[in-house]
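Read from first to last, the chains carry the letters A, B, C, D and E; within each, the first residue is number 1.
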Amino acid sequence: MGGTLLLDIIIGGLILGGLYALIAVGLGLQYGVARVLNVSHGEFIMLGAFATYSLYTSFGINPLVSLVISGPIVFGLGFLIHRTLFQHLRKSSESMAAFEGTSILASFGLLFIIQNIALLSWGSDIKGYTYLAGTVDFGGAIYAQNRLLAFLFAIIIGLAFYFFLARTRFGKAIRAAAQDVDTAQLMGVNIHRMLGLCFGLGALMAALAGCLISMMFEITPLMGLPYSIIAIIAVVLGGLGNILGSLLGGLILGLVGNIVMYIHPGLSLIAYYMIFLLLILVRPTGILGK
Amino acid sequence: MLKVSNIKASYGKVDVLWDVSMIIGEGEIVALVGANASGKTTMLKTISGLIHPGAGTLEFLGKRIDEISPYRIATMGISHIPEGGKPFPDMTVLENLEMGAYINEAWKRKEETLHRVYQFFPILKKRSGQLARTLSGGERQMLAMGRGLMAKPRLFMFDEPSYGLAPIIVKELFESIRLLHDQGMTILIVEQNIRHALEVSSRGYVLENGRIVLEGESRGLLDNDHVRKAYLGL
Amino acid sequence: MRILEGKGVQKYFGGLAATADVDFHINQGEIVGLIGPNGAGKTTLFNLISGSIAPTSGTIMFKGENILGLKPHQICKRGLARTFQLVKLFGSMTVSQNILLACFFGKSGGVHKSDAQRESSRLLEFVGLSGTDGVIAKELTIANQKRLEVARALATKPELLLLDELMAGLNPTEVAQATELVLEIRKKGTTIFMIEHVMKAIMGVSDRIIALHYGKKISEGTPEEITTDKTVKEIYLGI
Amino acid sequence: MSSTNNPAPKWLFPLVLSFIIIILAAVIPRFLPPYTIISLNDIFMYIVLTVSWAVFSGPTRYISLASAAFFGIGIYVSAVLGNVLPFLAAIALGGLASFLLALLVGLSSLRLRGMYFTIFTFGLSELIRHSVLWWEVNITRTVGRLVVSVDNITVYYAMLTIVLLTLAMAYFIKNSKYGLALLAIGESEEATDHIGVNVNALKILAFAMSAVFMGAAGATMATRWTYIDPSIAFNPLFSFMPVLMAIFGGVHRIYGQIIGATALTLLADMLLTKFPYYYNLLYGIILVAVILFLPQGLAGLRERMSKWRKHVLVK
Amino acid sequence: KDKILIGTAISLSGPYAPGAGMTQIPNYKMWVEEVNAKGGIYVKEYGKRLPVELIIYDDKSDIGTAVKLVEKLVLEDKVDLLLPPWGTAMHFAVGPVANKYGYPLIGPTISSEKLRKVAHKIPYFFGILNMPREQGAALVDLLVEFGIKKVALIYVADAYGIEWTAEVSPALKAKGIKAVIEQSYPLGAKDLSPLLKKIKAANVDALLGMSYPPDTFLITAQSMGLKLNPKLFYLGVGVAFPVYRDKFGAKAVEGVMGAGAWNPKLPYPGAKEYYDRHVKKWNKEPDRWGSAFAYASLQILEQAIEKTGTLDRKKLRDVIATETFPTVIGPVKFEGGFNIQAPGEIGQWQNGEFEVVAGKPKRTAKPIYPKPAWP
């Protein structure tokens, strides 16, 4: 019993970690590449969740299908925000360090703006619906379908991005742009388009995560910030600028959370932060960082 | 091929270049020399679009390039090897080289070019999996050269390529520049190693305090009294 | 008298021996050159001496004391300063602030502000940067940044100065000036250990030259001996 | 964001400072309407947090998100000991506790740089918050405490004193050789080490110093809140706000930090009451707008103005 | 005097906003509208009806801000009356402040024994909601009624969870009911399945969860997934929200029990009307606990003004402290600052309505036991 239950817990943790990983990979693109520590990442998740909720409850559109509508919109929004706001900040900042500072401030601004607009349009109430809440049974170990789906999405997207960045021409260009903007331009890279793309893709993945989250949890316009924090922790844990690291970071967070939840629920957050801090101390540049 | 007319450039409030004009013909090697801080690097940056000129025009292959983005200038066939090489520090040597071939035409033939670059700089092949940030000073410089070659450019601009290289490599370097020239490449070279630069080039410009003070056949410049005194320490 | 002496100094990066079992020494008042092909391990050796990186094994004695394992600031306080091949200035600070700091914290330490200011102008003039006091350091050209690094290192009042490719990127006239500067520094009583690829300069000023290759010492001797050494000629000078 | 080009005249800061002292001390609070005093207390609190934060994080560029921990420890000291100790002793103890905690945080995070340091400090404050909560849930079995309250005028004088001490500390550190060395650490830690600065010791000490007044302010302000629990005392907002306020006002100038803290506190006050439903929207728009047009923060405005004036005069 | 100025600093943003937006703000606004539609509240001392004007500030879910804004309402805006903020912590902070300035405050969203202990120090504060002691007793009574012997007790690591557990746990022991699992879990957990799996393995008769809305939703969803089907399934705050039923579907939540209970079937004057007005005005149902209590607190305030014929806050307080007030939650009478007419009440979803099943005299339906298995 104990052994299989533990295995069950571990798998459950990995599945939750998948959701975190999905969120983290999105932020990893925005921070690791575009250098915007986007604290409003969670607000894009919230937008994705509410878009799915509204389309489902008002028009009966299947939550997964609704991504076809909400996905491109959120992507466009992200791209546009980068093009207008962050690109401008990048140009007017004296150094990369200065840009990181100003972009944090700006993304806090975005957080407030998006959250307020959502509050005005949806009210502060808790909302929710149920979709794919059914379970899958693996010889006694039971997992919710929507969580499994999130896990699958995370792994597929995370790995796809990893290979995209590691192997393809555009992926390398994105990484080059992340390291040295001027020199990347000398290679013929249209960096502003690249960075905008990354930011937009990050937002898109947030929307995707939001869609999945809306199936599992209740949603409110204020739900975003905790997800942003999870994402930032996962990205840092994995190693900045390393997409595979973000993926791994997310999985670890989920796994650790579940194991301590099993061993001693009361201590779970303490153990969770303790393990995170220790990991960072052991690997001061993240698990996969250089 | 490249026509620089009456360029003025500045960093913020500080003016660095005044009224600079240069011409580089197809297939030429032109040297741009001058003292420290005279504005040579600034000139190259202006040509490759990293700095927008405050006045004057730039024409490349008959097209105006003074108002377009650096990446489009690169795509038109100008390869600028920046001062210090500026490799992408967190990419491997091989990835850096591949980045050099980013533009479409170069990408298609990158395997073949890569082979040639490795022949040129065998050490790069040895280090191909190493992160660029851990290279020694000279290795960086070679990587930057190799990366520039990968682009198969029409115009090659070197900013102090011999910087920090061992004498034997410097020698080989200038030989390879000559080789590139023989293969029809157009080259603009900025060097502190003035003797080498003027020996390898056909024409030269001397920049002082942001102004061209001398220009002409390289051979002639080497014999010029001012040049000998101010730059060759003779 | 030996001011610096290294025995069996080794540093591995993974499997790569950046310096392998190098023995060397520097005498008080000498100028010693360090040459070798790119990637030979010269900068690595400097990093080991100045405490930037931890060695795999070996000992380094400075003024009779093993400084291996000490932190860079401790080594600096004992009178050993260096410049960097890839300059590491305080880029957003002014030229004079760069030097002031070194005055305040270097070997002499606790220098009074007005004295430090005077010292800073003196050093700037000494390295040929007078008049740049208020300039932001990163706006200097690379060559001038290197001079500033020299001035900054001197401000810590070192007995031994490590110079990593000071002459790179200088034209022959400037090389001559820099050579002059090195000799001046020695005249003021500072011993010098310098890495250089500019042959004319290093042959001109060095009392002794050490040549490295693949992390090993392959040759050592007076400039004349080195220029005639067969291996050095073959792998380094290319003549 | 350099602090050095176009520096304010040397005498400006002390002048402004003494001016503030005189005005505030002279206009004895009893001449002010009571709510103004309450408002001032809040502004003081954020000035202490912001200026303290910037003492370390400004020059070194190590962005710390541990302010909430230092502030919260102060709060807890005052909540736990407030009814056994005199007010002043609680404040002093709050500062001391904060100092010790910061020493620990500093020591443990020496190896970390950049974002890793930032998130580490954030994680550490969260760890402290959850540990205190766990303690309360499982050991004392009571979450939340009522705090002995102190009248607003006393709080005002205490906060005023803390603000002045904070400013004095910030000013002296900034203008000492250690301030310069901190700036150098932000540029290149390696080079700073090589010119004889004991980088680690300096970092830890500056970090701990910066925490002292945060703790003292926490101990003071707790008395105004009447009730605290771990999520109130260690609210991450107190880590974020100083960063935002400093960037908003201008990280590298003390007067910029003061302006940032004051402006954002007043702005929040105004928006919360005048536009309660659009508060966040307007606040966010203003943050974005300011950073777009003044990437150096409000302090950049002064430079812009003087540049602009020169420009106009030349024409 | 031409109007009664009432102020409140409440969470329009931040983590408390969902609660405030569900339970208090709609009722505040609706009540003001209703009062003003009548021409206002009749105040004898002015000999006329005075319309009510409500000032709402956003406390950002931040204690410091809340305290400050309340003082602003008192000192700057010089409001006649204050309305309470949302949530336990906020009540703890704002209660003493209101008391200091002599403003009566009737708090509808605090349920805490600790408050009872300090109530004598803050005579201007009144707690109207059910308190843990009575609630716990009612819950345990139910367990006894069904003959339950073995339960799992889990609670959120926060003031609410602690206080409820502190009441329920000894009460269980006293009745010989064994809590085989008694365990706290952190606020904001995203996966409680490890804990729930343990509970499933322990094979208990009842799951008692002293939970907050996010975990209430999470525990429900995960229990369904894990087919954790104890005979009695009780959770804390959030079960009484209509969205709880709507998210999972009326069929799924059939038989789930939750803290507090109110529904329009209760035989109190105005209860049904209140429910209908709320649905009509906001296009959503009031929640089945705090909403009605919040509305009742406003009714009390109104009646107190009419009774005393004054806006004198001292007099108002004294009347509130002594009289009995008929409201939508039944007659309310405060003793020692707490509503003694709100005994323990537990609700259960039955056919889409949250029926009152404990607090026997108030029962609106017979409890369903055992709870049907999840669909």
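Here is the rule we go by: a contact is a pair of C-beta atoms (placed from the backbone, for glycine too) under 8 Å apart; a residue touches a chain by one contact, two chains touch by 3 or more.
These numbers come from a predicted model, not from an experiment.
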| item | value |
| --- | --- |
| Steps in the shortest chain-to-chain touch route ending at chain D and beginning at chain C | 1 |
| Chain B to chain E, fewest steps along touching chains | 2 |
| Pair of chains joined by more contacts [C-beta pairs], A-B or A-E | A-E |
| Farthest chain relative to chain C (centres taken as mean CA coordinates) | E |
| Geometric centre distance via CA averages, chain C-chain B, whole Å | 29 |
| Inter-chain centre distance, chain A versus chain D - centres from mean C-alpha coordinates, in Å | 30 |
| Whole-Å gap between the CA centroids of chain B and chain D | 49 |
| Centre distance in Å when chain D and chain E are each reduced to the mean of their C-alpha atoms | 37 |
| Where chain A touches two or more other chains, by residue | 95, 115-116, 119, 266, 269 |
| Two or more partner chains touched - positions in chain D | 1-2, 130, 134, 137-138, 277, 279-280 |
| Multi-partner residues of chain E (each touching 2 or more other chains) | 12-13, 157, 184, 186 |
| Set of all touching chain pairs, with the criterion as stated earlier | A-B, A-D, A-E, B-C, C-D, D-E |
| Complex contact set, residues of chain B against chain A | 48-50, 69-72, 74-75, 79-80, 82, 86, 88-91, 95, 98-100, 102-103, 107, 131, 133, 147, 151 |
| Contacting residues of chain E [partner chain A, same complex] | 12-15, 17-18, 20-22, 154, 157, 183-186, 188-195, 197-198, 201, 213-214, 217-218, 221-222, 224-227, 238, 241, 243, 246-249, 252, 284 |
| Residue numbers on chain D that touch chain A, as the complex places them | 1-2, 61, 63, 108, 111-116, 119-120, 122-124, 126-127, 130-131, 134, 137-138, 240, 243-244, 247-248, 251, 277-281, 283-288, 291-292, 295 |
| For the chain A and chain D complex, residues of the former touching the latter | 31, 37, 85, 88-89, 92-95, 97-98, 101-102, 104-106, 108-117, 119-120, 229, 232-233, 236, 240, 266-267, 269-270, 273-274, 276-277, 280-281, 284-286 |
| Residues of chain C defined as touching chain D within the complex | 50-52, 71-73, 76-77, 81-82, 84, 88-94, 97, 100-102, 104-107, 109, 113, 136, 152-153, 155-156 |
